[in-house]
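Shared between the two complexes below is chain A, which has chain B as its partner in the first and chain C in the second.
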Partner chain A sequence: MGFLDQLVAGFGNALSGSGLLIMIGGVAWGIIGGAIPGISGAVAMALALPYTFSMDAATALVMLAGVWAGANYGGSIPAILMRMPGTPGSAAALMDGYELTRQGLAAKALGVSLVCGTIGGLISIIVLIALVVPLGNLVLAFGSPETFALAVFGLTLIAGLSGPSILKGLAAGAFGLLLTTVGLDTLTGSLRLTFGRRELLAGVDIISAMIGLFAVSEMFYQLSHPTRRDVTPPVDARTSFPTLRELRDVSRATVVGTIVGLIVGIMPGAGATAASFVAYNEGRRWSKRPELFGKGSLEGVAAPETANNAVQGGDLVPTLALGIPGSNSAAIMLAALILHGIVPGPFLMSQQSKLVYTLFAGLILVNLLMIPVGIVILRGCLLALRMPPPNLVASILAVIFIGTYAADLFILNPVLALIFGVIGYGMRVTGFPPAATVLGLVLGFLAESELRRSLIISHGTWAIFFTRPISAVLLVFTIGFLLYPLALNLRRMRRQPPSPATAPASGGSSR
Partner chain B sequence: MKLLALALFVLIATATPAMTAPEAYPTRPITFVVGFAPGGGADVFARALAEGVRGILPQPLVVENRPGAGGTAANAYASSRAADGYTLLFAHAGSSIITPIIANQPLLKWDAFDTIARIHGEEEWLMVHPDAPWKTMEELVAFAKANPRRVRVAGSAIGGIDSFVVLSWEKAAGIDVEYVPHEGGGPAALTFLGKNAEMLVGNMSEFFQHVLAKRMVPFVVASERRSPIFPQVTTFKEKGYDVVFAQWRSVLAPSGVPASRIATLAIAFQRALGSDAWKRFNSNAKAVDLYLGPADFRRFLTNEEARLAKIIDELGLARR
Partner chain C sequence: MPTHALRRELIAAAVLIAFGVWIVSVALKIPLGVATDPLGPRTFPAALGAGIALCGILLAGGVLLFRGRGGQVKLTMEPDPEDEGEAGGPFSPGRLAGAIGATAVYLGAFEPLGYLLATTGYVLVLMLLHGGASSRSLAITPPIAALVLYAVFKFGLLIPVPAGVLAPLLPR
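Up next, the complex of A and B:
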């Protein structure tokens, strides 16, 4: 059967029986699970996994794919409305998303997140379907040096998040990096910064810390400044979709987000969270209005939200082509396969082509289903916002504690959320950007472990980062982008007579 | 007074049957706590075992993931539960022996728990590239001796069984290779396939398909006897190196479970190994049944701990 015939057959297969209902159910659960802070896409999928045992393998995979796609969007709902990342991948969107909510434009932000996210997801799936085998070989070219280079590339966003004081931004970022070293170290088997406490063996849970730094601190802030009605419930509780004009305005950011999401998705080790931050950084860099980022730019929502959806296609590349999962979410898809008696690996595509094409069709369908299902769930969430602020804050805190505990059933996590809430509040009040700490948390583990692994692979030579083409290109760009504003500044200062120092354009408030 | 006597009589009469009748077990689902994230090797094993035991036990086994601390977060949780046979704990060498020793947490080690059964295990293999210049162990060892730290072996984290295989081999053969640790078998395989390492150590369940696709070649296996999967591949033992390790997986329970319930569980697991679902899973995973009942398993663990503790000492991993 030709490629298109197989794909069409896949659609038929996916929609047969109660397939459509199951897909809708999967997407709905994914959005809800993603919206609960602490429950990431992978956790939502794991919770749905037992329900797949009674289904056949193809339906199981399609349902899980729906949960995955739904969670990618669902996380942005609390992120935009309440500065609370529902999933780690939506943390980058909250910087501009919440600003938009404060300006009464929550519906636009959520609409952009939904539409652009769907576009990103669909494009990445199409790329996956068309190029899975050649991309499978490309995955192998992304080794530890390349992943380290990407992490460093992403860390330069600290400059953009620092606001007026770069020094404070660097300190906040360094704090985040330091936190990722806590726990049992994979590369040496030794314990670092655990202070003899068993609970810290696994390190600091990033999701809990992130929720604490962003959401819990925001709750404290609202409690301490009760006159500020930060969360203004939108008068019109419908998603007022972005107009075509607005969509065109964010098209550049959407393209950037898709490309970043695809590349980072294919890279094993780097996932939706890293992709969303790198996309935010790149979206700002290539935007026509970079000064708006951090103050309520729709592009600042479009870029990261597109990226974290576009990661889905990339993650499935090594999963389907090599049988090696590209992320935790993909690992659950593989587990579903194994538990249905199917062996993943390089032969999956050829031996189980009916299954694979049904999955492809299912991926397209669930990404499309996100829009109608997303709108329905969104209305429910917007209604909830009409609560009086004290009730709202209390409810949000309750949801945060339940969510952070529910993910790993580890009592330390809610406590961490609380502690980081206090830290985050202290940081905001003293001018240190919590977003920089979050960035350090997100990219720190990746940067450190891949750096050390690269040096083991290279037998100790640092040159490896520059002798390998992809890594060299990324690092050169990083250095270039860091020096470019400095060079511009020098030129500007040389042309004009010395005037009160103008800081290099960095944009973005640091709340 | 008569009323009091009557009341007492009724009370005793109704209480006695409950005390003397045999308690039914299990009457509600049993929680199987797994210290690793969903989708990983431990988790898939636990779910497959739960599937295998369905119909044999009148109540289902429900997997509960509590990842963290190298699997010991689950140990801590399980030990806090009642020893009534309704909480079980997944255990392998890393989570029940090695990590508790390294982290100096004796209360989380296997001997703080009741042993139910050892279920199955996977052999540890060393892989090379199809175009590797060494065809025999002797050639490889000679090369490694002449070029210390030149040969890179990708594997999972230091402190896991993969790393122990390589480190024991180094000691036994008197060579120095570069071990490249990763967070799991998957990332290690990627490093190897990307030609960033000359060798790969791990389980066949993750690598078999790649061997079939001719991207990996099994070089040596760390078991007592040659494996039926690839009988032409030699063992470390044949070459004179006492390197025998297996990634075994098992079930523990909080200490103090009534003996009758332990027996019920152990027998149920043994029967589950004969189920179709389990056999299919095992064969796909290229694992072998390694069933040991409660007492035998305890003996096995005592010896295993002694063996592994020595290596931990030599590596200097233990916290004081």
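Up next, the complex of A and C:
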């Protein structure tokens, strides 16, 4: 049977019986679960797992794929509407998404997120279908030096997030990196910065820190500025789809996001969070209007959202081809496969081709279903924004704290959200970018652990990063991307000496 | 640069320096680890602490060196959040302290008092702090918000939300 025939048969299997209803249920649950802080994609999938026991393997996998895809998108809803990332992967989208909400363009931001996320998801699945075997082999080329180089590449975003003061950006980024060193050192077992507190052995919970820095600080800001009436301006309770022209405008960001999502997704351990931040940075780098990033750019929503969803296809490459889960969500998929007596790995494609093609078809279908299901759920979310500001602020804070508590029934997590809320508030009023801290939190563990592993492998020789082609290329790009704007500025300064009349005006420019 | 902005920048720089130095001193007490790990567990936190302190020194140096020179203000001075185009009212430290205090009390009461009672009180206090809510809204919203969230997490997500003092009255 040919490739296309198998895929067509896969569509038939996925849609047989109550397949469509199960997929819709999976996507809807994923969107709702992703939208609740603390219930990440993996948790939403884990909660759905027991319901799959009575299903056949293909239906179970397709349903879980729906939950996964839905959660990737669902996390962006509170991120865009309330500056509260539902999942860590949606944190990058809030930088421009929330700005758009403040400008009364919430529905447009959500529409771009939904459409571009679907495009990213679909392309990544098509690439997965076409290249699962060769890409599976590529996974083996990624070792510690390559992952470290990718983390460093992602950290260059700090420069872009810094705003007017690069020093404050660097300090905020270093603070985020520092937070990832709290707890038990995974390589040596040493306790670091725990100050004798058992609660800190597992480190700082990233979602609590993110929610504190972004959402709690924002709500405290609203409460401490009493005449402020615009938690969000009035919004139309409909999803506003991007026009063709807008889609063309964000096409570059969508392509960048898809490529980044796929590549990062393939690398075990990197995940959607790293992908969305790297994609945001690359989206700005490749944008024709990078100056709009951070001020409500649709590209600033499209790039991370596309990457966030494109990770799914990339993530499934090592999961299906090698039996190595690239993320927590992929691990749940792997668990579902094993629970149904299927052994993932190099022989999966040949021995279980019917199941694999049903999964491929199901992945395409759930990504397509995201749009209609997303529209229905979004309508309710947008209606919630019409609540009076006191009710909305109080309810959001109540949701935040039960959400962070629910993540692992640990009172320390909401306490951390409060502490980071206060820190985030302080950072906001003194001009330190919280997003740089979040980036450090996202990439810090990866950077340090892979750096140390690489040096253990090389017996302390730093040349390992430049003798391996992928890491060398990534590091050269990193250096190039850091030096290029500097060189450009120097050249501009030489050509155009600053006019005395313009200097004072720049000092008071708004962001 | 206005005096209050200068003071704010210098305070921020001082906090960075103090925090960075403290982190370096704590990091240097971390055990060295194993010989096969060339960097060891203390290098990363110590280097980051030193980096934060250095940022603080450069920030303070920049502020003191370039104060009064309009062209350099941009290096260190952030636009005031009030000037960012936000419809923000005047800063009310009392409300901020109230919100932080109410949240701390809420988290303290979360498990012993139970989710429903603690959340009802918390939402009510926040609405009062925010101001502008009608008395009808103040009477209805807090218990409804608490009940809805309790139902979603307890029965929808099957998460054992603390029942506290209401445990005998609530369904298991």
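Here, the second predicted complex is superposed on the first by the 490 of 511 C-alpha atoms of A that agree within 3 Å, B and C clash if a C-alpha of one lies under 4 Å from a C-alpha of the other, contacts with A are read in each partner's own complex, and residues count from 1 in each chain.
The rule is short, and it goes like this: a contact is a pair of C-beta atoms (placed from the backbone, for glycine too) under 8 Å apart; a residue touches a chain by one contact, two chains touch by 3 or more.
As the structure is a prediction and not an experimental result, all values here were calculated from the model.
Of the two partner chains placed by the overlay, only chain B lies in contact with A:L201; chain C stays clear of it. Of the two partner chains placed by the overlay, chain B and chain C both lie in contact with A:T188. In the superposed model, A:V429 makes contact with chain C only, not with chain B. When both complexes are overlaid on chain A, the residue A:P344 reaches chain B alone and has no touch with chain C. A count of residues in chain A touched by chain B and by chain C gives the higher number to C. By the touch criterion defined above, A:A141 reaches chain B but does not reach chain C.
Of the two partner chains placed by the overlay, chain B and chain C both lie in contact with A:L409. In the superposition on chain A, A:S224 contacts chain C only, with no contact to chain B.
By the touch criterion defined above, A:N328 reaches chain B but does not reach chain C. By the touch criterion defined above, A:I457 reaches chain B but does not reach chain C. Judged by the document's definition of touching, chain A residues 185, 187-188, 190-191, 409, 456, 459 lie at the interface with chain B and also at the interface with chain C. Against chain A, the residues of chain B that register as touching in their complex are 37-40, 43-44, 47-48, 51, 62-70, 72-73, 76-77, 99, 102-105, 108, 149-150, 152, 157-159, 163, 178-183, 186-187, 189-191, 193-197, 206, 208-210, 212-213, 215, 280-281, 284-285, 315, 317, 319. Contact residues of chain C toward chain A in the complex are 8-9, 12, 16, 23, 26-27, 30-31, 33-34, 36-42, 44-45, 48-49, 51-52, 55-56, 58-59, 62, 70-71, 73-79, 81, 83-93, 95-96, 98-100, 103-104, 106-107, 110-111, 115, 119, 122-124, 126-127, 129-133, 137, 141-142, 145-146, 149, 152-153, 157-161.
Residue ranges on chain A touching chain B, taken from their complex, read 42-43, 45-46, 49-50, 53, 139-144, 183-191, 196, 198-199, 201-202, 268-269, 318, 322-325, 328, 331-335, 338-339, 341, 343-347, 408-410, 449, 453, 456-457, 459. Residues of chain A touching chain C in their complex: 36, 39, 47, 102, 163-165, 167-168, 170-171, 174-175, 177-178, 181, 185, 187-188, 190-193, 216, 219-230, 388-391, 393-395, 397-399, 401-402, 405-406, 409, 411, 414-415, 418, 421-422, 425, 428-432, 448, 451-452, 455-456, 459-460, 498, 503-504, 506-511.
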